[in-house]
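Each chain carries a letter (A, B, C and D) given by its place in the written order, and its residues are counted from 1.
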């Protein structure tokens, strides 16, 4: 049988338990909404302006570099699994692979894109 | 109807429904979240196909990184999130027609090819897809060149994206 | 085979026998029994989670020279139950303008992302969810769902603090996921498998901590950042971001985020133990009985959890720019270099005796760590001299 | 056992949905979302043919992983272009970006 059935069961049960807890909270808790209670929390001050503030461009860069290294790791996991049985040439291939991507990291770094401000 | 078929039909139906939501929802963050649901369904299809590694990679790359990238990009390109104007262009009917025709053509092609209705052989016991992949990706007789080129491609993407998006003049 | 050596299988077969005896389909009975097993495991985890609240409060109070909860029950043991009851009877508020569906989905996904990790955690040689051959990568996949839940919570709350806090937290989590992924490759290289159980089995002769002490440390740092605990708990910088992405949550929905965080910490304490400290192995004691193995694993998980708490309560929060600079300019390059050095040393030392191999690995790690620290030290000295001018050495002689 | 053609129908449907999204959306980010769907449907095909052919031939899975890398590159450069255009022209509506028309 497909082993992913077990993972699916974990997902189902893992969703049921928090849903149950939240529903219990919904049933047993009081429900007395009023406009002031429902208003956005801003430390007691009236909310001013739009919620959708403008974000720094750096967020995009972080996610971008993460995406690239994420995909890189995807390639490296099968490589790592077989590394013990393969010879030195496989190690060299992996080192070349990682080094090429480190060049990208260094480029982004030199452009000052990895700094917060 | 075996249980496997029922599971596949449920997963495929949910995936296609969320795929339709991706292309029709007005709110772009919602569209990105529907995309996550669609990709999750595709990962489930990979799991049904016994391709566990690809299924996990799908979650790691798409849900973990690409969806986050989309959401960040939407936040960066929308000063106000309120939708303005229609979400589809005025030639949307032509796009829909073309999509339906593509689908019809593909279905016609697949249907006319009888050998595609065969069932799969069982996975041999002791078969480890990940270690096979490791062999193939590093073997000079197989895919070592694509392996290295992929890293160059990713480097080009990273450098290009950083240069294009934030080249201050 | 008896109950003492393989309790799960014996119980499952007994139950399946009863169910098929009632005329149930064999496959369906199997799935049902597995479902019950999963339900049992997750219920135990949730009960453990409740006690983690107590443990956390007791430990933090000891660190801060207090006594902690001590009124309700012996040693305050009943206190967490009182907390739970309080959370349940709290009102569940939803702010105006919140995106209701996404807002309610976020705490569920947050808790689920922690619980599904246990699908691949081997608690004992015969007690494990599933024997996936991609176990290590599965951890990252589960973490991806957690990251998504944070962004959903921050976005849907219609609150500036939640939005900014959520985005900062996600930026930090994705940044520290790179060293974490890289460090996950190191046990994979040693064990030649991504299967968690195989990684534990391969640590029979030597724990991976001794082969890769630097990797163990980097993994711990990345895990702490991934958990969003101090010193990386910028989302909880109360004076600037209130409570980060869960500012608008109350009642049981907040409880899910909170319980998820505690269980996440304990889970990753356990995974730290599995990847680098032999998991349920302890000098052959795990062979005696699975029950003993469970106790060993639990002890290692709690020690890992204690280390995470120790760091949390002794270090102060660092600023987000420092945190990200630390990751991008130190931890990420270092982890890549460590991966390359490990792969190279692994190939060069292959075939040597376990002593040569172990000492070579250990030494290469220590040397690499020392070189990295020296580079950072000289860099920071240069930076300081740029700011303050060269240090006046001559005056010290007068 | 599920016949192979079911997977192909599924992937054809997903491809068509993505095609519709890519052709009809006005927002450039949404067009990229549609392209993601199309790339994914390709992956479904590749993995299905791997499973229904000789399992020890890993070409299907290797291609699928390469498609992941291509998708990552496409999305990162595509979104960077969108952000760049947004910074200069203050719009992400594809129809308004007609600088190349005479």
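One rule holds in what follows: contacts are C-beta pairs under 8 Å (C-beta built on N, C-alpha and C of every residue); 3 or more make two chains touch, one makes a residue touch a chain.
Since the model is a prediction, treat every value here as computed from it, not as a measurement.
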Contact-pair count is greater, between A-B and A-C, for A-C
Farthest chain from chain C, going by mean C-alpha coordinates, please. D
Provide the C-alpha centroid distance between chain A and chain B, rounded to the nearest whole angstrom. 18
Inter-centroid spacing, chain D versus chain A (mean Cα positions, whole Å): 21
Between chain B and chain D, centroid-to-centroid distance (C-alpha), Å: 6
Would you give the residues of chain C that are in contact with at least 2 other chains, written as numbers and ranges? 27, 132, 137-138, 140, 167, 174, 177, 193-194
Please set out, as single numbers or ranges, the residues of chain A touching at least two other chains. 3-4, 7, 52, 55, 57, 59-60, 63-68, 70-71, 73-75, 77, 80-83, 90, 94, 98, 105
Quick check on chain B: which residues sit in contact with 2+ other chains? 48, 50, 52-53, 57, 60-61, 64-66, 68-69, 72-73, 75-76, 78, 129-131, 133, 135, 137, 150, 154, 157-158, 161-162, 165-166
With touch defined as at the start, can you tell me which chain B residues reach chain C in the complex? 3, 29-30, 33, 36, 52-53, 56-57, 59-60, 63-65, 67-68, 71-72, 75, 128-131
Which part of chain A faces chain D closely enough to touch in the complex? 57, 60, 64, 67-68, 70-71, 74-75
For the complex, give me every residue of chain C touching chain B. 27, 102, 132-134, 137-138, 140-141, 143-145, 147-148, 151-152, 155, 167, 170, 174, 177, 193-194
Would you tell me which residues of chain D are touching chain A in their complex? 65, 68-69, 72, 75-76, 79-80, 83
So in the complex, the part of chain B that touches chain D is made up of which residues? 2, 4-5, 8, 12, 15-16, 19-20, 22-23, 28, 31-32, 35, 38-39, 42, 45-46, 48-51, 53-54, 57-58, 61-62, 65-66, 69-70, 73-74, 76-78, 85-89, 91-92, 94-96, 98-100, 102-103, 106-107, 110-111, 116-121, 123-124, 127, 129, 132-133, 135-137, 142-143, 146, 150, 153-154, 156-158, 160-162, 164-167
